[in-house]
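Supplied in structure tokens, the structure appears directly below.
Chains here go by letter, A, B and C, matching the order in which they are written, and residues are numbered from 1 within each.
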Amino acid sequence: MTIISKSIQIRSKGENDMLDLTEQISEFIGSSGISNGIVTIFVSGSTGSITTIEFEPGLVKDFPEMLSRIAPKDLDYGHEQMWHDGNGHSHVKASLVGPSLTVPFSNGEMLLGTWQQIVFLELDTRARTRNLVLHIIGE
Amino acid sequence: MTIISKSIQIRSKGENDMLDLTEQISEFIGSSGISNGIVTIFVSGSTGSITTIEFEPGLVKDFPEMLSRIAPKDLDYGHEQMWHDGNGHSHVKASLVGPSLTVPFSNGEMLLGTWQQIVFLELDTRARTRNLVLHIIGE
Amino acid sequence: MTIISKSIQIRSKGENDMLDLTEQISEFIGSSGISNGIVTIFVSGSTGSITTIEFEPGLVKDFPEMLSRIAPKDLDYGHEQMWHDGNGHSHVKASLVGPSLTVPFSNGEMLLGTWQQIVFLELDTRARTRNLVLHIIGE
């Protein structure tokens, strides 16, 4: 049994930018020499999220729009009253979707569906450099 | 330390069908001979989800209804404009609830609450055969 | 590779009480002697949730308010019709946020962002004693 962990940086282009991480994670698993196990993808930060989605231009728009219906930007957030940084809605959306995803893999391949990609979603109000952790346990 | 992984197929009856997986997962842990560890349950697919809930007829209806308030079927989805398969709402709900759940177990028993079951929720618009992965790491 | 697991009890003060677990989890990792791995935090129960958030007084109010917009207390829940315990909204919110979180750590430190804490959110309608599991796999 082996543990291999890697910190990566990605750059988002601004609020609601969705980035497909699937290939990068697949390559990390491939280069690890580990054939069966789990990979955990984690965002170090409280205004970004990880999930899976069919990564195509329609849903890249639909998923953030759904989150904006739940947590509109123009509500009166307690976070705004305290910190005046204009991203109360970003925080509550990120906590709802969550910062962590664990995916099993077998024979060096993640067991994703055909139309299922692993994505990072930028929920903060500006372009940001993001620290992610890719963590494998396996054999 | 041992890894044991199993692919299973389940059959949903249609949109919003919720299936209790708890017993099947418990039996898999029991038969593995592993006494302490974690089990990850993962849906290979982008229109189904895994979570825990008290599996009783009221909530089996309430949870999908809450998701339909967040993502009504009759909105104008970008996914629909691209693919015309009528399941834009299915995708965004599945990405929100998430495809992966990790549960610790001890002495061969998952550490669930008394009224807490592990469920698959079908969010696609039709009955489907689903591939799930049950992945155990433990000793 | 080692597994160490611990059950802890926490006490919530009532509905929407949010408790910062970060220090307690950090200390558990520190005392384990394990330097690299993952920690899974799991709530045994169907009306409480685990996520990460910037733990400050504004968001402590904003996050539960967002959940109450999604699942207002005064809707007609099937759970209520069956059980008359007044917490249908608690259950659906808990299933949405989720009971489980996995966080990687390195050199004995969780790889959280600076403003990112691990929290338990009480979603039931009263103060409760809660059983949580902290489960480490690492080396």
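Simple rule for what comes next: a contact is a pair of C-beta atoms (placed from the backbone, for glycine too) under 8 Å apart; a residue touches a chain by one contact, two chains touch by 3 or more.
Treat the numbers as computed from the prediction; the structure is a model and nothing was measured.
For the self-contact between chain B and chain C, the two sides draw on mostly distinct residue numbers; the shared fraction is below half. Rounded to a multiple of 5, the C-alpha superposition of chain A onto chain C involves a rotation of 120 degrees. Centre-to-centre separation of chain B and chain C, using mean CA positions: 19 Å. Listed for chain C are residues 1, 70, 96, 98, 102, 137, each touching two or more other chains. Listing the residues of chain C that touch chain A in their complex gives 1, 36-38, 51-54, 56-63, 66-67, 69-70, 96-98, 101-104, 106, 111-113, 115-116, 137-139.
By the touch criterion given at the top, residues 1, 3, 5, 7, 40, 42-46, 70-71, 77-83, 88, 91-92, 94-96, 98-100, 102, 131, 133, 135, 137 of chain A touch chain C in their complex.
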